[in-house]
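Got some structures for you, see below.
Common to both upcoming complexes is chain A, partnered first by chain B, then by chain C.
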Partner chain A sequence: MTYFVIFLGVSFILGALAVASNPSPYYGVVGLVLASVVGCGWLMSLGVSFISLALFMIYLGGMLVVFVYSVSLAADPYPEAWGDWGVMGYGLGLVLVVVLGVVWGEAIDFWEVGVVTVDGGGVSLVRLDFSGVAVLYSYGVGLFLVAGWGLLLVLFVVLELVRGLSRGAIRAV
Partner chain B sequence: MSPFHFSFYTAFTLSSLGLAFHRTHFISALLCLESMMLSMFIPLSLWPIENLTPSFTLVPILMLAFSACEAGTGLAMLVASTRTHGSDHLHTLNLLQC
Partner chain C sequence: MNPHAKLIISLSLITGTTITISSNHWIMAWTGLEINTLAIIPLISKSHHPRAIEASIKYFLTQSAASALILFSSMINAWSTGQWDITQLNNPVSCLMMTMAIAIKLGLAPFHFWFPEVLQGSSLTTALLLSTLMKLPPTILLLLTSQSLNPSLLTLLAISSAVLGGWMGLNQTQTRKILAFSSISHLGWMIVIIIYNPKLTLLTFIIYTTLTSAVFLSLNQSKILKLSTMLISWTKTPMLNATLMLTLLSLAGLPPLTGFMPKWLIIQELTKQEMTPTATIITLLSLLGLFFYLRLAYHSTITLPPNTSNHMKLWYTNKTPNTSTAILTTLSTLLLPLSPLIITMT
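For the complex of A and B:
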């Protein structure tokens, strides 16, 4: 199980590398989906089930809009996958940076693989993340209102940005 | 550093390096920002579990809300700059060209 979780972590790094190595946006989206799905499995295997569910449903559902935009607005006649030399060069350079950092800084210690979590046993126990997110509605109601106000503000920001050619916030000079 | 911590630190560093270097498309930079947000979400929800502090698990939910704000504003800027500049390539947004 420990090795499986380490495999999920390595796949998370690979997903981030697939986004960062400058492919066409069609393929960068694939890397982002890989990273988020693997991150869900990772959190699930450590026992953070509610946060993992929120990540899977809300994040991937919201990301669908970004995916549609990246397919429709960035129309490349010749999309670059990871087999092309430019993308491959970016990817290999980033891998080189990581390997140099690990070797030089001795950053990773493979003997400390254990992670302390709780494991629920029985009906009367509540997992940590369930009870923690419920705090958002009692003591953390200020943060809840701040987040809701931020989302409302973003509505007006978006409306102001995309209003029109002559009246919007961004216009051709 | 344990391998778990190493993987999300590395993912965050890779994503921010990818944002810093030259992007062809504007939406590719936005995807790098999303990837940075994702690799901040994972440790924010892992650390309360490791340290057994349940009330801090609301922090990733809040960050999910604020990243939704960021994604919405970024996509609106993408639409606006595509309208005004003709394409979403980042080199059309360069200030140094006349």
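For the complex of A and C:
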């Protein structure tokens, strides 16, 4: 569990660096997804699973969908990726800043706040908040399927209502 | 409509109804109601006319508001009592909210305005679905919670449904609207007895479903949407019109026909509970409904117009007989002698 939480923290930093170093929203969104997913996982390891779920749904469900729409409206024809030298320079400089911060600020103490929680020690010990995911797929599978089917049905209904150019909802016959 | 979409939608209708009527947890009941609401919307807007779109929007708005109310009231109940059982609705606030929400869902009297307009905007078969299948899950929820609901509120809703259903149907010329008001007044009969004998509510619902399905399917056979069309439909299907008259009179509740059975039993049960004034009032109010049923019956069987007829009797029609119409018409006219058996079964 400790290693898992350390992995989440490192991934969070790397995701934030990926967002900060890339000027193109096309690829920056990848870093944002990574950072928000592992950030929510980190919060869950601290025991605040409700906040983590709400952030997960609002960040990934709401904001990123809006973001993808706006990006697809104003798309960059030649987006810069991490392979370009300018972006790499930004990224390496930021990594350097983070490393210097860790070394100078003796931030190891900060690590222990997030990593060593009450029931988070050891390799085989799993916090209860994480096993809730497993319960969703085992005991709660019926409800899960019904909810999934309901969401799929919304898609079918919307597609059926707006299908075809001649069938716009407000247009007269 | 695309057959694949139709398959998905009809399967979801059945699934949603089944989930709601077989659940014992409020969240599952709510989920089933939502699936039901979503699945009927493409069927309402199927004809793709601005009126149909308007009807589906009206339906969606009222039903989603009512579903949200159901969710709120069940959450308030879970908050105060700590359980989600449908039959244990103990908190008075959530009881009142639940009654209101189900009244919106069913179209009971102070919340009935959406129902005739939605029916007017949809086709006859969709209107049949809306007034039978879509009313089953809220009725079942009301049945399951009936022992903790407020009797005077339910009686008030029932009487006002019977008043408005009978009264507002008087001046209508559109058959779908008349049947919508008939549905509202029948709901009044169902709700007035739900505290004292919930099984009678179920019996009334089943009988009403049979009767109104027969009427809707008979009307659908010749596409009768208004009274003037009904007046000349004898040239197409003379025998069906004669049986339609009997079915309509059964819907009005005249004695030798099936529709008399639920009214008879409800009046008997109300009298047993020493609620004679309520029984008298609701019986007198069904006379309002009798007026428009009689007008429909007269229009369906008029065989000799008083002036020169513009229509010949068609010597050949391509209308094939419909088995389900035949079965439902038979059931809705001849079931009264079987009342003891039916009472034992429900």
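Details
To be clear about the criterion, the second predicted complex is superposed on the first by the 100 of 173 C-alpha atoms of A that agree within 3 Å, B and C clash if a C-alpha of one lies under 4 Å from a C-alpha of the other, contacts with A are read in each partner's own complex, and residues count from 1 in each chain.
In this section, a residue touches a chain if its C-beta (ideal position, glycine included) is under 8 Å from a C-beta of that chain, and two chains touch if they have at least 3 such contacts.
Predicted model, so just to flag it, every value in this text is computed and none were measured.
Contacts of A:A147 after superposition on the shared chain: both chain B and chain C are touched. In the superposition on chain A, A:F156 makes contact with chain C only, not with chain B. Using the contact criterion defined above for the overlaid structures, shared-chain residue A:A81 touches neither chain B nor chain C, since it reaches no partner.
A count of residues in chain A touched by chain B and by chain C gives the higher number to B.
Legend: residue contacts after superposition of the two complexes on their common chain; A:V99 is shown touching neither chain B nor chain C. Contact with neither chain B nor chain C is seen for A:M57 once the two complexes are overlaid on the shared chain. The interface of chain A with chain B overlaps its interface with chain C at residues 143, 147, 150, 153-154, 157, 161, 169-170, 172. Looking at the complex, you find that chain A touches chain C at residues 143, 146-147, 149-150, 153-154, 156-157, 159-161, 163, 167, 169-170, 172-173.
By the touch criterion given at the top, residues 5-6, 9-10, 12-13, 15-17, 19-22, 24-25, 28-29, 31-32, 35-36, 39, 42-43, 46-48, 51, 54-55, 58-59, 62-63, 65-66, 69-70, 73-74, 90, 94, 97-98, 101-102, 107-110, 112-118, 128-129, 131-133, 135-136, 139-140, 143, 147, 150-151, 153-154, 157-158, 161-162, 165, 168-172 of chain A touch chain B in their complex. Residues 1-2, 5, 8-9, 12, 15, 19, 27-28, 31, 34-35, 38-39, 41-42, 45, 48-50, 53, 56 of chain C are the ones that touch chain A when the two sit in their complex.
Listing the residues of chain B that touch chain A in their complex gives 1-4, 6-8, 10-15, 17-19, 21-25, 27-28, 30-32, 34-35, 38-39, 41-42, 45-46, 48-50, 52, 54-58, 60-62, 64-66, 68-69, 71-73, 75-85, 88.
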